[in-house]
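What follows is a pair of complexes built around subunit A, which joins subunit B in one and subunit C in the other.
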Partner chain A sequence: MRYIAILLIFLQSLWGYAYNELLLDAQSRIYPKLLMLEENISSRHEISPIVFTVVYAPEDEFVAERVVQKIESYYDHSFSGIPFEVEMSAFDELELSRHKDAIYILKGDDDQMKRTIKLAMKEKIPVFVYDFKDLRFGALFALTIEQSTVIYLNRAALHKTGLLFAPSLYGIVRFVDAE
Partner chain B sequence: MRSETGYSLSTKIIFYVLFVALVVLVSMFFVFEHIGKKTLYEVEKEKAKLVAKMFAPQIGINLYLGFEDKVNKAIEQIMTEKDILAVYLVKDGEVLKKVKRSQKAAASPIETFEIRMPVYEPGGSRQIAVLKLNYSSLHYKEMVEKMTQLLLIFFSIATLLFIALAYQIRQRLMPLKKVAGALADYDAKGDLMLECESEDREIKLIINAVEEMHENVSAYMELQENMKQILSQKVEEKTAQLWQQLHTDQLTKLPNRRALMEDLSKQSEALLAIVNIDDFTEINDLYGHRAGDIILKNFADTIMELDANMVYRISGDEFVLVKKGKFHSEEARAFLKEVRSKIEKTHFYYEENRVDIRVTIGATIEESPMIEQADMALKEARKQRKPIMIFSSEWNLETRYRENIYWIRQIKSALSQKRIVPYAQPLYDLGAKRIKGYEILVRLIKENGEVVSPYKFLQLAQKSYLYHYMTMQMVEESCAFFQDRKDLTFSINLSVEDILNPETVSHIKEKIIHYGVAHRVIFELLESENIEIYPEVESFVREMKDLGCQIAIDDFGTGYSNFSYLIKLKVDYIKIDGSLIRNIHNDKNAQVIVEAINDFAKKLGIRTVAEFVSNEMIYDKVCELGIDVAQGYYIEEPMQLEKI
Partner chain C sequence: MCKRVLSIFITAVCSFAAGKESLVVDTLVSDMNTFGKLAESVKMSEPFQPYIVSVFLGYELESIGVSNLQEALELVPGIDLATDNVDNKHIVFRGSNPFAYGQSKLFIDGVEVNNIFFDSYGSFLSMPIEMIKRIEVTRGPGSVSDGVSAYAGSIRVITYAEHLKGESEKNRVFLKRGTYLHRVGGFTYGYDRENFSIFTELYFQKDDKSLPVGKDALSTGIYGPLNVALSKSGNAPLWMKNYAAAIRMQYGNFKLIGRALYDKRGSAYGINGALPQKSDHTKFPTTYLQMDYDIDAGNLSSVARVGWIDSAFESKAKLLPDNFNAGAGIVYPNGFYGEHVAKQRTLYQTTYAQYSGWRDHILNFGYYIEYIETYKVVTRTTDRLTGIGIVDYSQTYPFLDPNANRRTYRLFFQDRYRHSEKLAVQYGINAEKVSHIKTQINPRIALVYQEDPVNIFKLIYSRSSRTPSWQELYTLNNHARVGNRDLKPETVNAYEMAYIHKFSVDSFIQLNLFYLHNSDQINNINPDNQYRNSSSSNIYGMEAELKTPVGLHGTLYANYSYAYGKEDHRYPIANAARHMIKGYYLHQFTDKLSAGISGQYVGSKERVWYDYRSKLGSYTTVDLSAGYHDWRSGLRIQLALKNIFDATVKYPSPPYNYDNDFTQEGRTVMLTVAKAF
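And now, the complex of A and B:
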């Protein structure tokens, strides 16, 4: 069994997407913080917890779990006194009525990605993506590590969702326009 | 002329300008010191704050997101501001970041100021750190130095301008100073030399006005000088005229008493004679004053023809002859006889009436005081009814006058010190055989306590008009004393002078009413004073009798003894004169007269009083004759009121 499991993991890593561990770590640390800069978030969640959902392709389930663990280790079910929960959902299982506060999409195929982002944006749910290129599907935030950490904010998505963030955020992000 | 004091106008103006300039400059200095510096300091501080404020949000969000590199970058950006010497980012008391400018940060702490700016979490109010900037005050100091330099330049220019202004003021006002100098020695009679030129219109106007004023003043002075001369001449004429009037009798044009006094002050030896026209009032009364004046003029003409050096008129009917030289008494008498003879031989006329004039002459050949001596001689001549008397130092008139003066002084002093006191002598009722009352007699108590009889001072008191004061004092004190002795009457002697004096009469009425003694007071009037000829006496008696007073006639039997007025005045008592009573016990004639008076009085219902009852024989005789009341030393001598 053990060997089978090792094999599965190996296969998984063999057929699954490749992730930059450093980037995952940075995103796990910063994305919740960016979410908390949304102006109305604290007023909507005085009692009910903020649900931050990590969306993944089926082959990336282990990656998603790691991400969830990371976020939980950073924020421990509470963020600045507001209840905070991290969940994970595969693309197919995603229920936007339940996972309505924010979604963090790992890698996936273009169709899945495109459909999920479209639906989420329709529901005015802020979408964070792992891959900067996925901003082209209309995701709101992406983060890359270049010479320094860079946060990208999709201006078109921002207008579409009508979300407002702390003004100081706009001073440090790099804006992109992608439909 | 006022001496030059204080500062000149130009100096004052310069002082005022200096004062204003100083106030302005000092104000500017203080404004700069207290407001300018502070403002510069605040501006620098605001600049530092602005930098901090600008970077704080950026640092805040980067700190929030954990972008340390970006925080560092922001701090580096801050440090690009050259005046910022150090940046500290402090979180929870721990310095997270610290950047210092190496070369300037070492400067003295006095040259920096610190700005602290809180760093908040983005979108929230939670403070997550403090941004601390050390800002250099170097720029501030440079600005202050620049401002100070500008101020000094301004002060220097202002000082130069002020010196120029002061010089200009002094120069412009110099002509005025010259005018003042010229006016300091101004003489309206001389020429006015104003050697000053000025282009200023106002100064020119002043110089022109001064020159014009000088012309006017000179003209006015000339006019004044002429008027002064005329006035001086007029004053001299008037003075001479007044002197003449002052020293001349206007009727006879003879020198008057004043001229005589002045002439005598220069005269050492001479015969001075006062020639008095006898009974001149009768001439006035008979022919009128106009006649009197004409006769006086004629008399003056006559007397001027006599052999005298000077003739004066010193009063209405008195003329003075002065003959210079040393005279013996006999020579003087011979001369005066001749004078009198010539005057009395001269006939004076008024219209058709011949008026013969007689004169009495008093003269002196003694030395000063000649007028007084001649006057004494004239009085003595009148007294002795002699036509001419020449003053002699052997007369001792001076002693008599001195005595009179002494007694008048005594009376005045006694009156003021209440030493004129009433004494009382009992009036003994011979029928009832008891003292019925007292007669009030006046006494003067000298300062040494000696009691003086009225014979010594009463006559003088009458002459010196002090008498009525004595009467008022007697009335007051006797009324006060007898107001509570209701079984006794008291008699007060009144003279005609008292009754003719309204003040005395009013005082008597007031006192007898005030003390309620009207029914017990008897007023004794002297028969010898011809009381019947004065209507005021009759009126007084009627008034007093209406009040309830009684009237007695004193010393009855010495005068004309007009019995009719006894009835007219409704007299209550007759006091028979002491000269009749004194020898009544051995003088048959006196007895007859007293008896007649007594009988007559009894028939009229008048009671009789015998005075001077000094012994038993007289007492027995007056009792025998039926006299009602006796008074005299036999009964009791006068005593002080307190002894009654």
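And now, the complex of A and C:
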């Protein structure tokens, strides 16, 4: 028994996180809409598509694939007439020069999260996260389900990035100050 | 001119943009409402709801080697298992009356499946975990929103018939093989097309389990000193043959749910406490059909429902041994045989509605009407006078009132008022009139205060009542179980408090405190074996639950529960464990390989006050499991070793029964191969 316990504790593994299917579905549906409320996004993308990137840890590749499928099923390469593409990228392969419109981060370890969000904020890229606790790293949006669906908008991250959204969005979200 | 044209153009562009933005916001709000409702229906928003609920997901339970519904429920805080002479297992919530069956209700896809005779659901506890998508266990009386008010707790099993958009693994097939020649097979299959969907499931399982048991009830002298020498010990026949088929169809607003369960099992420890023969058996078949018509008209939605349930209790067994002396000079030289059949049917109709047009309020209201009757009673036994030959006593000496029937009328109302972002209040009332029983008024009020995204507080008061079961009311001509038509319903006043701290989307710690005042508790633990409203009890306790990821690759779940109380202010509550600790740790080694360890500690149990035996000892079991799961192909292979240290697990027997209690299985193994597609 002792050896089994030691094995369980110390074995470094590659996989592990069970995602909530409904939450993934809600975020896949709602996050692109939040992005569409960013000021001037449509004028910047009359021809070139908006690239919405799902960022994942290597062990979550299958989950990321499913999220991409979900988003594509909701928004079939176009959002209100604006070209819209969903891509996926592992943390280590993320190129912010290419994935510059928005990133949606699934689970990752704290270091990966911190590093990725910091870089994205520097480039003024809106960051959406799966888990609301990752707002503490400076992500902009997190959708959770409480008594009802709640969208948290990180006020500190909003100020730092200087991003602007349609005023009506501010009436829907709940502000938090998380750094 | 140019300026004017430019101005018109800019205005037009801005209006267009504003219109587009407004459209996006409108659909965004609509999506948020849709997902909010959906999350509530699948109990994802459970920490914020006005109940104390534990939710377990089928796939997670499969990964830690859980094999069926019973094993899943053993993980729930505050829940213990009990059994009886026919191994009709039932769940005991928070130590509340372990002798009654119907204090909790089991719902499968929204249909209450407690049988009529015992008001129990033991036959469904062996339901394979592969059929179960989610289990929601509400401790305490729970909701009145759809007219069903449980007493000590309710268990809702949701099968894969519930299929949300984007979910995979609707269809699956599985085979299992384990100790005691346990063989299980089954499948689920669903098909959707526009406004039509159909879902079917089927499973079959059998085993040849028998477990050693000590001297039977005759050794205690309960059948007189002349029969003590006839007492036997040996193996109790606990084999089973259990299969079920279910269908769920939806076409537009119509929904049809049907299920047939056949459950045949060895006579276990014998209805009368005499060790049965291997071929002796009981059956608990249940069949039901329920039709719903849903109406959704903006702020008002309603469901009109009609249903039919047929359930039975059947027993064919040698109830007393050879040369049993029945007194008055009557001896049964070849023992006493009995064939007993009691069939009941239920018809019910309910309509309930939800209105959300009043700002910050959600109103639920409706009625429920039910008629239950016994339509067949068979009593064939050894000739009671000569002791030789079989005589049909169905007319002259039935074991159950053949004319038993009951009508139930229920009205219910509930309002969920959202006072602010932080505070929600739910209050409601359930009024129930049952034939021959005084009208019961059961109120409920619950407050949920959400300090911030991570801290939630709940305060709940509820009253509930349990109508006596068929067995308790209408059993006749049986010295071991004597029915009583004058029984009053059991009642409970429950006070509960909960605090939840959420660390992340799926990690939390929850602390519950409760106090239950139970009145008119029913049991037949008395010299006449007659069901009586024999006592009241005050039970208080707590439950602590923790679930947290361990790194990115592990999940830890653990809970501790404590329950203590006294009956009639004098005697400690009987057959209830004061301390229980349960939990599991699941670790993913690769994207396909996982291993889990789970276990439970169930503390010692006091006996009924006049029972001469010392209290029942505690036990600890540890299970191990290892699994291979290829998410892409859907193939899963799972090996589970249960109770690896072969701990002695015993459920308490009543006084003057099997003195050595009811021993459960020791170390077992189960191999599962499943494929989702």
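In this text, the second predicted complex is superposed on the first by the 165 of 179 C-alpha atoms of A that agree within 3 Å, B and C clash if a C-alpha of one lies under 4 Å from a C-alpha of the other, contacts with A are read in each partner's own complex, and residues count from 1 in each chain.
Convention: a residue touches a chain if its C-beta (ideal position, glycine included) is under 8 Å from a C-beta of that chain, and two chains touch if they have at least 3 such contacts.
Remember, it's a predicted structure, so these values are computed and weren't measured experimentally.
*Asks:* After the alignment on subunit A, I want to confirm one thing: do subunit B and subunit C clash, or do they fit together?
*Replies:* Subunit B/subunit C on subunit A - steric clash.
*Asks:* Check whether A:A90 is in contact with subunit B, with subunit C, with both or with neither, and answer first, second, both or neither.
*Replies:* After superposition on chain A, A:A90 lies in contact with neither partner.
*Asks:* Going by the contact rule set out at the top, does A:E146 touch subunit B (first), subunit C (second), both, or neither?
*Replies:* A:E146 sits against subunit C, while subunit B stays out of touch.
*Asks:* Could you look at A:A156 and tell me whether it touches subunit B, subunit C, both or neither (first, second, both, neither)?
*Replies:* neither
*Asks:* State whether A:S168 touches subunit B only (first), subunit C only (second), both chains, or neither.
*Replies:* both
*Asks:* Considering only the touch criterion stated at the top, classify A:K33 as touching first (subunit B), second (subunit C), both, or neither.
*Replies:* Once the two structures are laid over each other on A, A:K33 reaches both partners.
*Asks:* Using the touch criterion from the header, give the chain among subunit B and subunit C with more contacted residues in subunit A.
*Replies:* C
*Asks:* Is A:V51 touching anything from subunit B or subunit C once the two structures are fitted on A? First, second, both or neither.
*Replies:* Touch status of A:V51: no partner.
*Asks:* State whether A:L119 touches subunit B only (first), subunit C only (second), both chains, or neither.
*Replies:* After superposing on A, A:L119 lies clear of both subunit B and subunit C.
*Asks:* Which stretch of subunit B would you flag for clashing with subunit C, going by 1-9, 55-63 or 505-513?
*Replies:* With chain A aligned, subunit B clashes with subunit C through residues 55-63.
*Asks:* Please identify the positions on subunit A that touch both subunit B and subunit C, taking each partner from its own complex.
*Replies:* 29-30, 33-34, 37, 80, 148-149, 151, 166, 168-169, 172
*Asks:* With touch defined as at the start, can you tell me which subunit A residues reach subunit B in the complex?
*Replies:* Going by the criterion above, the answer is residues 29-30, 33-34, 37, 39, 80, 148-149, 151, 165-169, 171-172.
*Asks:* Which stretch or stretches of subunit A touch subunit C in the complex?
*Replies:* So the residues of subunit A in touch with subunit C come to 1, 4-5, 8, 11, 13-18, 20-26, 28-30, 33-34, 36-37, 42, 57, 59, 62, 66, 70, 73, 80, 107-109, 130-133, 144-152, 166, 168-169, 172, 174, 176.
*Asks:* Using the touch definition up top, name the residues of subunit B that touch subunit A in the complex.
*Replies:* The touching residues are 57-58, 60-62, 64-67, 69-70, 122-124, 126.
*Asks:* How about subunit C: which of its residues touch subunit A in the complex?
*Replies:* Touching subunit A: residues 17, 20-25, 27-29, 31-33, 35-36, 38-39, 42, 44-45, 47-49, 57, 59-60, 164-168, 418, 421, 424, 448, 450, 453, 503-506, 549, 551-555, 585, 587-592, 595, 597, 622, 624, 631-632 of subunit C.
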